[in-house]
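Two complexes are shown next, each including chain A; its partner changes from chain B in the first to chain C in the second.
Showing the complex of A and B:
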């Protein structure tokens, strides 16, 4: 998958890709690999610029995360097995950008996803747990993902998924009432919001006021048609951004997701950021 | 002022030390930036730990509804004398105020305070580290999630689909094995196959006797009736089958054991299926019965899938081949599918089966939705609707009767006589057994007078629903002999009674006669024409 034009300028593409600090590129046996990768060939897995995310290179590129629970897959995503020098196998799962908006955002080239190993994440709109599983892979065992999903049908899939992954806490509640899960959630570093409701700005703001630490970050996906189908996409994004700004959620990046059907955009930002000193 | 804070490990009550700071909401957050300043702001007054996960679940579930649990009430009573209580949920606050007479407060300042406490929770509550909180939180969230989703293995409908599939498989297997037993043992004792018709009884009999020689000595009264037993013993003596060795008999007996155990298991499985159906879909079971209900669920894939189908689909589920064929060739679509086997449809007369099946399908669709998506566990809805359906059936049948017996207005409607129209229940009425004169042999041809006389009688008899065998035989014989003389008149007469005969059940003799006579008449017709 080639990197299309990034909306935000900034660093070049070669920033820490294959030889970036620390991580070494490991050659892997490409069995059961997919998402553009043909099976059987040699696969190179290299760390991505974002910590915790990797790229698997062969004929095409695929975004992968290291599987927290080796041997388990969520639906039918492909896995890549890589042999280390000490003969142990590391398992990576392919992250499909068509299924997960976060993966799409990373592919397009967002500056900073703010998710790092060891952080605590609140994920609103967890659905069946596909994206949640990848976030859980990234944050690892030290981190924690609180997955909120209101629907019972998706909720039961989510609970099944979380039985294997101990760093995900399933919460089957309406995200509009964070008071209802206040006893389960501590302070978090990031809120990811993928709920597609017209009042989603209010939802994320209430949740932030309960759980997001000052100086924390957020990501919200905006589906223009879900908010207001009469207005143009750009207008909708602008309006949402304004709503967020009123609630102390300051956006730092707005990224239109071109490879999704419909008009979607991703907004990344910070909460109660310390005021910059004007030098 | 006190602050009530809920953790996965228990309830915590904090005392606010610097109440003055509460007025400045915005900067309140800064007070909690470090553990030191946080401790200066609030102090832990009391902590009520949950003893185990179930207590935690109960307490939290109550909280979600907005009411304090017993444990919380006791805790608050013991510790909250005279102070105002800051709570996260205003509804909860109201109830606490009502029941425990403790003033509760909920505003932005409170929210900020809670935020602050949350961020420094581990520092403020000694003895509750991060390591403790995480598994508690995980356990509590899982139990809460299950409680919310009402995970009960009782409600899983895959069991039904598997059970009904297994039932069908078992039937097939049982039949195959039973046939095999018959064939195998038939080499040794062929007569037994005709004597004992039932598969299970056959297997039992074979198991009991083994070699047919033993049959005379043994007592079969538990398995077979006396007649059959007598036949069996007789036949075993004069049987034509070959001899078989003991080893062969051993294997045949093993097979019989298999058949019997499978049959027993099938009965158990059926009971299991019935009990599951009553648990998972009580309303549907009340309406159509266990077996039909299970087949519907299995056909639909799952109860949830089935609940999405409209009543018209439920009506013809199982008749898809006929449906699409009819739609493609623009013919009439089938009126019923799997639903045909429901007892309500079975009770209806053939004329009304279509209407009842439609009504039943409509009510069944509602029942399915009730079971799949509703909360109730009882079958009241199903039972009510069943009564409604039965009432409708009675109305439908009543309409028919009313037409014949007359209405309150006046005379009953007199229908035009149509000899071909089936009255009553059609083929179920058997003609009375009378003396069959056809078996007699005539020595001379009857005279013309008697023939006309017979013809007159024939005309009268035509108006009755059933024709006597006697006159028919009489009309047959003379018309057969006189057909050369009187062609047109005789033939329709004979053909008509023949036709009438064909419509009703006949004796075997007549059957043999009639085709023969028909053939001869037809031949004569042809020869004449």
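Showing the complex of A and C:
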């Protein structure tokens, strides 16, 4: 006995900027795995404002990305299966904002994450590869993620993860010396930086001068305690932003991440953006 | 001489079953089932009748030696209070077990909350938080202001009702677990505080003006003793 598959047209986007085409939400005969509903549960998966990210609503209410390697999970996140009309299943993985600062920023409602399918991304501070896997899901097979991680323990997890994913390149090196891995990395469109070091502004600046194309974008997570624990969080963010601005990394948006422990903020911005012509 | 009736097949008579409309009440009760039910009921009623008669014909001068120290409260016998039934060590052990149990339940609630929040992320209703945007000049600032007002993600109206009901139920479940974890934490703190108070160690209770964050509970300060 088959249930009718219905495609929800429009998705009720409402007014406002809807980047990307196709506002249709796929409501499939989906199911959640990992201890969730076993088969028969109905899931609604709709594309997010950002390309490549989706929102899944059923028993849970989560950000998901489409799994680049169906059947593989990184640590033990839940997966959502949606059946299309032609009987093929699409697999989505849940993105946990408590583990990944990028997901927390998207959840809070950042304007633009600048990560799109097909772009090249340099990720400094990849750790065990949780956020990297989701970024690689978003950029897809045409894009590429260069994941830089200094520690060897996390590095081995990262390498295990990249064995399955062909669009991630692990680099187990110190991000302070981009000259050491300049042979592996080409020009990238975006730099994501999640290292909690006091000199992270200089780190991202050197990496940007090596690898980031003019007109590219960046994202930094600033942890106020790592930079300077004596000053207040707002002051720390302000100082970091000034340091970035001196290195031609112009911030466009800064978001405090309230749902993470400690004082964290996310700064999004552009690098050597073309000057606006005064019309 | 056997009769011809032995050759004729005699189909067994079947019992009538419960009609479809009453299937939710289970099997249809026949006389034999009624008899079992009635016998059980009457047996109980007979016992109660005998007890009522005994109570009505109670001898007011009855005496038993155990009546000396025990009391009757509202018809229930209360034996003599056992003040020192358990020794102090046994009490400590039982208290530790209680504390351990509460702690275990608290931890399990916290783990469940972590698991739930990984998939219940409140994807709606967040855009109202404060962002800080950077603009080059006044025109860009005005542009950003007008843009930020008209922006919305997947709207809440587009969700079918059954999925919305499931989501709401999950969120309510999460809220209930959160409040339960809170209560367990408070209980655990209270119990461990009581246990610490019963241990040896010189301590004093802080006065009202010495307490930094007054919340109605007494605060104790222990003398700094070097332990082995």
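Things to note:
One rule holds in what follows: the second predicted complex is superposed on the first by the 243 of 279 C-alpha atoms of A that agree within 3 Å, B and C clash if a C-alpha of one lies under 4 Å from a C-alpha of the other, contacts with A are read in each partner's own complex, and residues count from 1 in each chain.
Just so we're on the same page, contacts are C-beta pairs under 8 Å (C-beta built on N, C-alpha and C of every residue); 3 or more make two chains touch, one makes a residue touch a chain.
This one's a predicted model, so the numbers in the text were calculated from it and none came from an experiment.
Looking at the shared chain after the overlay, A:250 reaches chain C, while chain B stays out of its contact range. Set against each other, chain B and chain C touch different numbers of residues in chain A, with C touching more. Applying the stated contact rule after C-alpha superposition, one finds that A:162 touches chain B and leaves chain C untouched. Of the two partner chains placed by the overlay, only chain B lies in contact with A:187; chain C stays clear of it. Residue contacts after overlaying the shared chain place A:61 against chain C, while chain B stays out of touching range.
Of all the residues in chain A, the ones that touch chain B in their complex are 144, 152, 155-156, 158-159, 162-163, 166, 169-173, 179-180, 182-187, 209-211, 213-214, 272. In the complex of the two chains, the chain B residues touching chain A come out as 6-8, 29, 33, 60, 63-64, 88-89, 111, 114-115, 118-119, 121, 133-134, 137-138, 140-142, 144-146, 148-149, 151.
Interface of chain C with chain A (complex): residues 114, 116-124, 126-127, 129-134, 136, 140, 147-148, 150-155, 157-160, 162-164, 166-167, 169-171. The touching residues of chain A, counted against chain C in their complex, run 8, 10-17, 25, 27, 32, 36, 42-44, 46-49, 55, 57-63, 77-78, 94, 96-99, 103, 107-111, 241, 250-256, 258, 269, 276.
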